[in-house]
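Each of the two complexes below includes chain A, the first together with chain B, the second together with chain C.
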Partner chain A sequence: MDRLGERAPVMAPDAMLPLIARVARRVRELPDTWTLDLVAADGGPLMRYAPGQFTMMYAFGVGEIPVSVSGDAADQTRLVQTVRAVGKVSEAVTRLAAGDTLGLRGPYGTAWPVAEGYGRDVVVVAGGLGLAPLRPALYQLQAERKRFGKLVLLYGTRRPEDILFRRQLANWRRQLDMEIEVTVDHAGAAWRGHVGVVTRLIPRLGIDVDNAMALVCGPEVMMRFAASALNDIGVPEEAIHLSLERNMKCAVGLCGHCQFAGSFVCKDGAVMRYDKVRRLLGLKEI
Partner chain B sequence: MNDHAAAVITHEGLGGLIAGLRAEGFRVIGPRLRDQAIVYDDIESVADLPAGWTDEQEGGHYRVRRREDAALFGYNVGPHAWKRFLHPPLLRLWRAERSADGMTVTATSEPAERYAFLAVRSCELHAIAIQDRVFLQGPYVDPHYKARREGAFIVAVNCGQAGGTCFCTSMNTGPKAEEGFDLSLTELLGDRHEFLVEVGSERGAALLAAVPHRPAERQDAAQAANAVARAEGNMGRHMRSDDVRELLLANLEHPRWDDVAERCLTCGNCTMVCPTCFCTAVEDENDLAGNAAERKRRWDSCFTMDFSYIHGGSVRSSGRSRYRQWMTHKLANWVDQFGTSGCVGCGRCITWCPVGIDITEEVRAIRGEGGSDGRA
Partner chain C sequence: MEGLERIVSEHRLFQGLGPEFVNLAAGCAKNVRFNADQYLFHAEEPADWIYLIRHGQVALEVATPGRGAAQFETLGEGDIVGLTWLLPPYRWGYDARATELVRAIALDAKCLRDKCEVDHDLGYALLKRFLPVLVQRLQAMRLQLLDVYGSAG
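Up next, the complex of A and B:
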């Protein structure tokens, strides 16, 4: 009865096992938001990733959270992530100092389809911290500037003090041949820019809507209104890309937490095409 | 299938199958009567099986009861599903320790058992095949499931009667076990209490060859077919399933979701007993000194508030949206995710719902055939 014996159970490597990363540099962006440059524990490169992807960051004994890459994918010597401290894990992660270690899994998820914008106008719409996951796409637009038509970044935050990557925005505006419009919800008298929600800037966009692509990241309501406004001025649904957010425990399609109807945001997203999610975004509590 | 002829065994042959599996190092799991329910647990011999017991099932109701005969497999499905062995309710994943220059992480999960499952129903074979798609056929494989699943030996049993909440015929998942087993039994009750054995694999054939058996005759096959036909004919529930995906997706704002939300306690029992529900959460624990931490994985339910929590609040905070998530996942979204329905019609969610919410009745109501109860 030898054939019954077959093989004994073997355990394949587990995607849930984190690798160990080390903080090489920590920069305060805003009072509650920090950018970490990460390398492998031995100082070497960590992982290859594409703009729009995210990792699972594990703070020792506290927990694990999804965080998008915010650095330049062309520089694979370090992994750059920008985290806002909002709760227990993100607070622990942002408290890590240079030299400290953390667990890291990934990269996961879909990428911003930047190359689809070759030969077209590209509009980037960011709300609040949503600028961080879009920054890798902006780096790529910058690196390949000649391949795109008109570039526009529309960025909305609550108050002028909440503007992220302020210096870099100024540099890009100067060097990049990119139109950058910043708007805030509330501002004092010193603010000379736009006031109001970012979607209000969309009808005034001077782009070739039939030949344009849009990348949108921010709170879900903001993305819903922005995508719909872009579509209203003529940008096709298939040319609008959003980055969705759902609770995530595994990031590998196995825990069920990130479901968005028939999709798993961790593997079918986080970047998803508007035409695939438009109807569901209009419903509550999906 | 294959060309191994069917055979007939007695209690002695069945005992031989169990002993043979144990001798090969399998941990044999099968039905046992415990705490007034038929559950899946370790089996050492035929004497452990629930001879002469059956179960009575209705919406929100389960009771074991004596049969008039000594059938070993004369019940339907109980509160346990095989997923508790292949996809354990609680699993240690890894342990992190502080070290001189940071931390180390080591996998800590216990080695997987080699299981032999005795008396797996057709709907349950389908449920296992569905979890195979979830855990083995996506871009990432769950190594814990894989290790438990790969060597597992499966002895199926065909149903000779359906339970009060069964609707496998509606979901095309039974009652006859067609594939996915090593051996399959049909209990032949009558003057001679025997079991027709069909062979599904080479190792099934090898195991059968080693126990006393006789070739099956035409009347044995006919008696087995009768038993299955009887089960087919007395399904407790029915559900039209050919268009149910489209039906639910077109009715995400149907008033019935409010109606069911008024009854549902969001207790999550339905997700715990369902043989295909696979969701898990992770937990992090520290030792007191804070020098070691452990990560565990635990079954989770889409009925909890935490399940969909993102900073600022739960995405699905109403009971309405959580029931809708569960039911549309089972019957509609599952098809988009895994190319198959997530429901095999086992009826567990109906039986074990404390308020007797019936998935077949909810579908009927959304179809506009409300008013009738879920009964066939």
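Up next, the complex of A and C:
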């Protein structure tokens, strides 16, 4: 079978058995989006993960959903995940208060290949809530800043009030070693930033396209256009990595819900190389 | 090459254009500047000018009753403000406001249209440069209309 992901996923010893986690902290990012800091309910270690991986969060009696890790992988004292309330399970998860418990399986899936960017320019393109799965990669890029060339974050979202991790972005901007461009689809007259889709910023990138790597995450339509625009300016297909999203249930490649051509997004992804998926992205059948 | 011709030829839109065409285009050009919050033009006014931005940012806006101005696109260095000059009735459909100090080359649209009517080679060369910009903006606008960052995003 032609696998689309390249890196072996890191899987917990018993991949189907949920751990019990406790909410240590709950932060409202946006009116419908919350970040939860999770620790093991028994006080032990929770799980080790790599940037780009996800867990299955289980709201007891309601159900399970896949959620990407949004925290710093170097901080193993807690697991940080950002959830938007869009359905029954995510609504239940975002209603959990500090001290409440939930089930957690994982981590699952492939990771952002951050180390492949050593010695190269790195472009991170995020759309909407897609900034959350990219944040662990951004933490690593910042932690190992000297190993990379130019570092650029392009972030597009709907309106100025929908900007995720606003304080974090401001902190990174103050460090002056990462170029950050934020654009919104619509804004009032008071907004002084960019307006327009995030792909419009790509032709202006002043990077060494022959020696660059791109990490892209957001709604799939946005990723298709962003990856295509990156390729148009000269970034090779094999240097562009996307995080795909499908209906994941078992998360270990057994149930088939997230089948993507000959692969499963849960274990062969979610991070996949653009050259392997480019011709599949536009197919509505998958 | 004289100052204005050189500036015009160095703009992204005109890069690689033959010197004879650059000279014709530069004959319709002048340097302009706009302070922050100054308008380049308003909706319904005649589309008499094309602006090639050299520095700064311009917001394209539509006034919405009770909500003030809504920005739908910003343009920056190397971009063109004003594609409406190409087709009748040559009238702006939106406002354009400098959000910071803007320096630009303003091309007299009527002057350029007249030269294109006389010299079809110039007209074709310019159309080949303006049409991709139009298509890129159309594609971007389609993506914007999909509202991909809604609750499903």
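Everything below uses one rule, namely that the second predicted complex is superposed on the first by the 268 of 286 C-alpha atoms of A that agree within 3 Å, B and C clash if a C-alpha of one lies under 4 Å from a C-alpha of the other, contacts with A are read in each partner's own complex, and residues count from 1 in each chain.
Assume a residue touches a chain if its C-beta (ideal position, glycine included) is under 8 Å from a C-beta of that chain, and two chains touch if they have at least 3 such contacts.
As the structure is a prediction and not an experimental result, all values here were calculated from the model.
Residue contacts after overlaying the shared chain place A:17 against chain B, while chain C stays out of touching range. When the shared chain is aligned, chain B and chain C each come close enough to touch A:86.
After overlaying the two complexes on the shared chain, residue contacts for A:101 are found with chain B alone; chain C is out of touch. Of the two partner chains placed by the overlay, neither chain B nor chain C lies in contact with A:180.
When the two structures are aligned on the shared chain, A:254 is found in touch with chain B, with no touch to chain C. Using the contact criterion defined above for the overlaid structures, shared-chain residue A:39 touches neither chain B nor chain C, since it reaches no partner. Touch criterion met: A:162 reaches chain C, while chain B stays clear of it. Residues 86 of chain A lie in contact with chain B in one complex and with chain C in the other.
Those residues of chain A lying in contact with chain B across their complex are 1-20, 22, 41, 58, 60-64, 86-87, 100-101, 103, 245-247, 249-250, 252-257, 259, 261-264, 267, 283-286. Partner chain A is touched in their complex by these residues of chain B: 20-21, 24-26, 93-94, 96, 98, 101-105, 107, 109, 111-114, 134-135, 138-144, 146-148, 150-151, 153, 202-203, 206-207, 210, 252-253, 278-282, 284-286, 290, 293, 295, 297, 300, 302, 307-311, 315-318, 320-321, 325, 328-329, 332-333, 335-337.
Chain C meets chain A in the complex at residues 57, 59-61, 67-74, 76, 78, 97, 99-100, 136, 139-140, 143-144, 146-153.
Listed in rising order, the residues of chain A touching chain C in the complex are 32, 84, 86, 127-130, 156-158, 162, 183, 185-189, 191-197, 199-200, 204, 218-219, 221-222, 225.
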